[in-house]
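Accompanying notes for the structure given below.
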Amino acid sequence: MKGWMWWVAVFVLAALVPLFGPSGYVLDIGVNIMIYAILAYGLNVLLGYTGQLPLAHAGFFGIGAYATGILTLKMGWSFWLAWPVAVAISAVAGLLLGLVAFRTKGDTFAIFTLGVGVIIMLVINKWDALTGGNDGLNGIMPPAGLEALSKSVGLKLSGGFYYLALISLALTVIAVARTRGSVFGRSLIAIRGGDDLARSAGIDVYSHKLRAMMLSTAIAGFAGGLYATSLGFLGSAATGPIQTFTILLYLLVGGLGTLAGPLLGPALMYTLAQNLKGLQDYQYIVFGPLLVLLIMFAPQGLVGLWHRLTARRTPPPAAPPNQKPNQKEVTSAGS
Amino acid sequence: MLEVRDLSVNYGHFTALHAISLNVNPGEIVVMLGANGAGKSTLFRTLSGLQRASGGSAVWNGTPLTGGKPEYNVEHGVAQCPEGRLLFPELSVEKNLRLGAFVHRKDAAGTNKELERVYTLFPDLVQKRNAPAGSLSGGQQQMVAIARSLMARPQLLLLDEPSLGLAPMVVEQVFAAIQRVNEAGVSVLLAEQNAYAALDIAHRGYVMESGVLTLQGTQQELMTDDRVRSAYLGV
Amino acid sequence: MLEVKGLGIRFGGNHAVQDVTASVEAGKITAIIGPNGAGKSTFFNLISGFYQPTSGSIHFLGQDITRLPTHDVVARGIARTFQTTTIYKELTVLDNAMIGHRVRTRAGLWDALLRTGREKRDEEESRVGGMAALERVGLAAQAGLPAGALTQEGQKRVGIAMALSSDPKLLLLDEPAAGMNPEETVNLMALIRELVVGGLSVALVEHKMSLVMGLADEILVMHHGQKIAEGTPAQVSRDPAVIEAYLGSHAHGGQMGQGSNGNAPASTAVQRTKDSNHA
Amino acid sequence: DKVVNIGYSGPLSGGAAFYGKDVQSGIEMGINDINKAGGVTVAGEKVTFKLVSLDDRYLPNETATNVKRLTSQGIDVIFVPHAGGILTVQPMTTRDPEFLLVAYSSEPKILEAKNPLTFMLPPRYDNYLFPFVSTQMKAFGKKLGMVGTTSAYGKQWAEAVTGEWKKQGGTVGANNGVDYGTTVDYSAAVTKALSEKPDVLFIGGPSQPTALVVKAAREQGFKGGFIVMDQAKFEQMDQVVPISYLNGSVGVLPTKEFAGTQLFVAQYQRLYKKIPTSEAALNYMGINVLAKAMELAGTTTDPAKIKGSLDAAAKALPQSKTIFKMKGVSPLGHADADFIIASVKDGKYTKLRLDTIYK
Amino acid sequence: MITFLQQFLNALALGGVYALVALGLTLVYGVMRVPNFAHGGLYMLGAYLTYASLTELGIGYVPSLILAAIGVALLAALMERVIFYPLRNAPHVSPMIAAIGVLFFLEAAVQLIWGPDFKQIPAPINGIVEIGGVILTWQRLIIIAASVVVVVALNYFLKRTLTGATIEAMSQNREGARLVGINTNRVGALTFAISGLLAAAAAALIAPTLLVSPSMGEVMNLKVFAIIILGGMGSVPGAIVGAFLLSFAETFGGAYISLDFADVIGFAMLVLVLAIRPQGLFKRGT
């Protein structure tokens, strides 16, 4: 099967799920996985393709979510207007961070953005007048018309949210796939291989990084808007470093720099975490080591594991033509 | 003496060395010629222990070298100046060199003496002694790499393309130094693209192609061999 | 085509390049030689915008490029390779070459997202440009292989292809023949000559005198960050300052430039019968 | 016999786990007591209970997911012990399927939402304001310093106590609230508050950090009194600092000091090896009221009917299950429990008489 | 003025706390380049082991500290062996996420064994020192002194001893280190052991001034990472300067700007410093 056919199959299957009348819980899990997947796609643009580790990702998720929440709740905007504006705000915020942060490289960049991530969370947490501070924002409404639309096709609101998330995810996958396969995307990959090399190849590293950052944070804000409307409540905890690390973990388990990884990782890990809840006090005793084992034995993530397994079934690749073994006997020189 | 018997090395499915056998006698300089990708570095890395062998043996004066433990090999007198230099880029040149004498850590006086020796060999390094090794020019780094392998005061010195990136005059000095080291009783195995210079100081040599040894002989024999002359001496 | 005036840079107290005034002429091969640490690579880094000079100016085709960022320098037509081979080992050979073509394309993020006509045109153009570069270095047949699977020499060629696919007017090569055996060096020389015939100008740093003497139209000699001589190979190899600082007994160029010196034991001296062939 | 599942979503791991566990222990102990006594009879059927707990790490979105999971398992009563989670899931109570939300948080917004299916357990904190303020102002003086926690609840408390203190004629210093959850060292905040030479300090957050604030203040030579917000429990604070440090404080009377709670306290200590707090006690009562309400309503599955019987159930709660006296449940679903405050004198807890009760 | 001095001492004591915890991390992150997010977990475990030795074994404070330090050191060495060593060639984020897995595990295990409630370790030396109206507890004095001693010792160890040089060498080029005869397995485990030792000792020293809980490491983690980046990776004096900078920013920012935003001020300073000096305050030397 060709790559894109897999994707069509996955999305068609996923679209069929609500028709079997699953419980609100199952749909909710689906929506959560998809929100995390969108976030992971955003992170993948920077980390997987461009090779930069931004640890403020959840902060931009928060900016998107709070922008949506504030615009709809306090300004009375329609969600359908607030959402794209929130995406734009996240992208601009990403640009502003990038302008400064990309002066640093490597670990310093990571920690720099971690600092910014903490600041974003703290500001959201402390700015009572705007964000509701510790109380959070409560009562964000579902998108106008979503409930009616869902009812008209015989679904509950949760089914409507599920489809909204599914469409959002599909858009994200298309956007990321297009970026990856483009002239621009190849330049990002070049930057991943090292700033200096990319520079010498004539790539404007700084501007490419900035644009990658904007795409990444726009996607995070996109996920944030979806989160705000589907949950109806916003608290600052979901915008901090712990959330960033959770997404990072999902992405790593799925497979860095791959197109399927950001979906597979959340799907597996979120479902796993839900199921481990039954273990109560033992859930992290199991989850922690499981995570370590996954990282150690599937270092390229699930996608890498899949490639390894499928590769094993095909015969080993023949040695490159210039390396034919030559079994001549050792002869003596000069004779 | 170094005895290599049927040594094979694989990288995954790819076999880089096909059961090669060779030896280096005490006090000899042996040169290993071969095109790019022939497997010279693989051989050197295996002898120094950085690379595990997948078959065969390599024994230095009764010490097996194929255990995949470079620290063990260097303890037993086998030091390597590796391809890619493998320096400690953020440590000073002098620290790099002193660490080269790690196996003689109990013998500070000997290390200091050796340090003086390598500084006279590479006077360029003297003024760079406190600079981070990574800030040096390519050739200067190569000098540090060679000097560091000498600091271990080995009995068997493995030099993987030591002349890489060195100015002609320095190359001469390096080869002269190799010869001096050798005259002091150290056996040397040398891989070189610079076949002329290498054959010049070598006693014997081998030619490697695609992971097998195709030719061996004394210095004179190799120098006059047509195949060697056309492929490696550019005649 | 390239003019450098009073160029200098210091790292802390170290004057790596100091007051260098020189020029590279169009359609020629200019070699830069000098002892290790003379400042040759740094000189290249200054020209290509990797380092910002602390003094002096650089003009290319009449325009001041002194403080331009690297990608702008490349866009103006100066491409380079590195002293140690640096390419994208995990990408295909063709991808490497196509990355080099980026500077000639304009498609950005929006084009990627909307799959605009420009995106499609630029992608096609990159492919054509990349393949053309691969053909020039003789790697067209290996286009689909991961670059890391190639030999050292092949990887060096990939690096050159990457530089070529940016359509440069001037190519800077830093020790292109390092680690190559004589046969391969000769092939490389042929390749460089072909490129020059095709209209490219080349500046290169190299320690292999056979290559330098056999290839260069002009030689520039650096020592302690300064230019100490320049001229044709014949002039330079007779220059006592150059002999003292760099060439040593190789004033006449070795067979492969790097024979052993006069200190070597007499028993081996007889082998150097061909030493002065190229001088 | 029928087994009815009761849901619980609270923090069982992470920084707030101790709190989530305290709440959980109260519900659990209540359920065990009911089951040991043979359960309750609902519509002629013997009913026992089972607690289904899910960790939400204090995150509202996790609470929402947990609640959906619990309701999809047919659970009709769910306990949630934090305001964020409660506010998030309140709109879900009346969506399909309906459930009764037992809210353990004194956040007034929970009542303001006028949600028909919420049962809020803790007393409203504004009851404490007047007696706390008047007692301390009389005993120590008219200047109040502020070092409360900066949680949502803490900030409301701080605002309310400021208002009350001023109303009674005192002056209030700058607010030096710090986050009791993340602060490593309270000295800086305390130093700043003490620089204004207050007579009384308002403090409070989780008990143990609160005790550290007391410690920092006493070590820096503070001799005045403390107003301790109701989230902090004296019985836990005196485990951390010498009780003498607490002299001159007013706060909530430790559960064990209530009359008639000895049985509960002894039993709890045997089971959980620690002192029961009002967290455990109120939730213990909550589950008992709930069971009684099911009995009275004759259903275990109709949240609206159960809610309707809560008031009667609270009034009918047997003495043996009563830790704090319950007067009933308001129409908005707020438990009207008696509360008793205490001051600490010479290392002893003294019950304070209350003159006015605010509702 | 007294208030100012008091705040100054508060900041000094807090800086000592940060410095002690940050030092172990500098070693593994700054020197070995392993972003060990489990460091906070080791610190937390150190506190619990101290607590357990004191209450359950009933031994004195100093023996408890030693016992905890040894226990955590062994665990850290084990961690290096089974997790970080196999991941040495993986991309940076892999060991980072693995470390977070370890942190999850440690927190859950500790909560399971000792429960989620706060624990308190009594201070070995009680009482306060008062100098001209300014007050400092003995425990805090000990912390400040200990941090200075540990810094000096660690710096000496890294810069002046051969073992120290081997740690740095190994972190920069593992193959190169093996080539000169360094047993990198042993050095790697040793480095982690030392960092674990420092984390546990820090915890034992600090715990009496605060509360012991399973999540106590999380708060510390971010701050100490910020500190060692602030100071410049791998620079031991940098780490201590970073620690005191952060504590002073938090304390005085809290005192003179807003306590509510004290944490923001600390991180804002980090961001500011890095924006101006991307390499941190102290460039890594030799």
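A, B, C, D and E label the chains in the order they appear, each numbered from 1.
The rule is short, and it goes like this: a residue touches a chain if its C-beta (ideal position, glycine included) is under 8 Å from a C-beta of that chain, and two chains touch if they have at least 3 such contacts.
Everything numeric in this text was worked out from a predicted model, so none of it was measured.
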Starting at chain A, figure out the least number of steps needed to reach chain D through touching chains.
1
Which one of the chains is farthest from chain B, going by Cα centres?
D
Pair joined by more contacting C-beta pairs (A-E or D-E):
A-E
Using mean C-alpha positions as chain centres, tell me how far chain A is from chain E in Å, no decimals.
31
Chain D and chain E have mean C-alpha positions lying a whole-number Å distance apart equal to 36
Using CA atom averages as chain centres, what separation in Å is found between chain B and chain C?
28
Between chain A and chain C, tell me the centre distance in angstrom, where each centre is the average of that chain's C-alpha atoms.
41
Spell out, as numbers or ranges, the residues of chain C touching 2 or more other chains.
151
Counting only residues that touch at least two other chains, what does the list for chain B look like?
37, 223
Per-residue overlap in chain D, given as positions that touch at least 2 other chains
13, 150
Of chain D, residues touching chain E in the complex
13-15, 17-18, 20-21, 150, 176-179, 182, 184-185, 187-189, 191-192, 194-195, 206-209, 212, 219-221, 239-240, 274
As the complex stands, chain D meets chain A at residues 12-13, 53-55, 58-61, 64-66, 68-69, 71-72, 83-84, 87-88, 91, 95-96, 107, 109, 150-153, 155
Under the definition above, what is the set of chain C residues touching chain A in their complex?
48-50, 69-71, 74-75, 79-82, 86-88, 91, 95, 98-100, 102-103, 105, 107-109, 111-113, 115, 119, 122-123, 126, 145, 149-151, 154, 162-163, 166
Which part of chain E faces chain D closely enough to touch in the complex?
3, 6-7, 10-11, 13-14, 17, 107-108, 111, 115-118, 120, 128, 135, 137, 209-211, 213-215, 218-220, 223, 250-251, 254-255, 259-260, 262-263
Give every residue of chain B touching chain C within the complex, in rising order.
33, 35-37, 124, 128, 131, 135-140, 142-143, 161, 163-173, 175-176, 179, 193-197, 199-201, 219, 223, 230-235
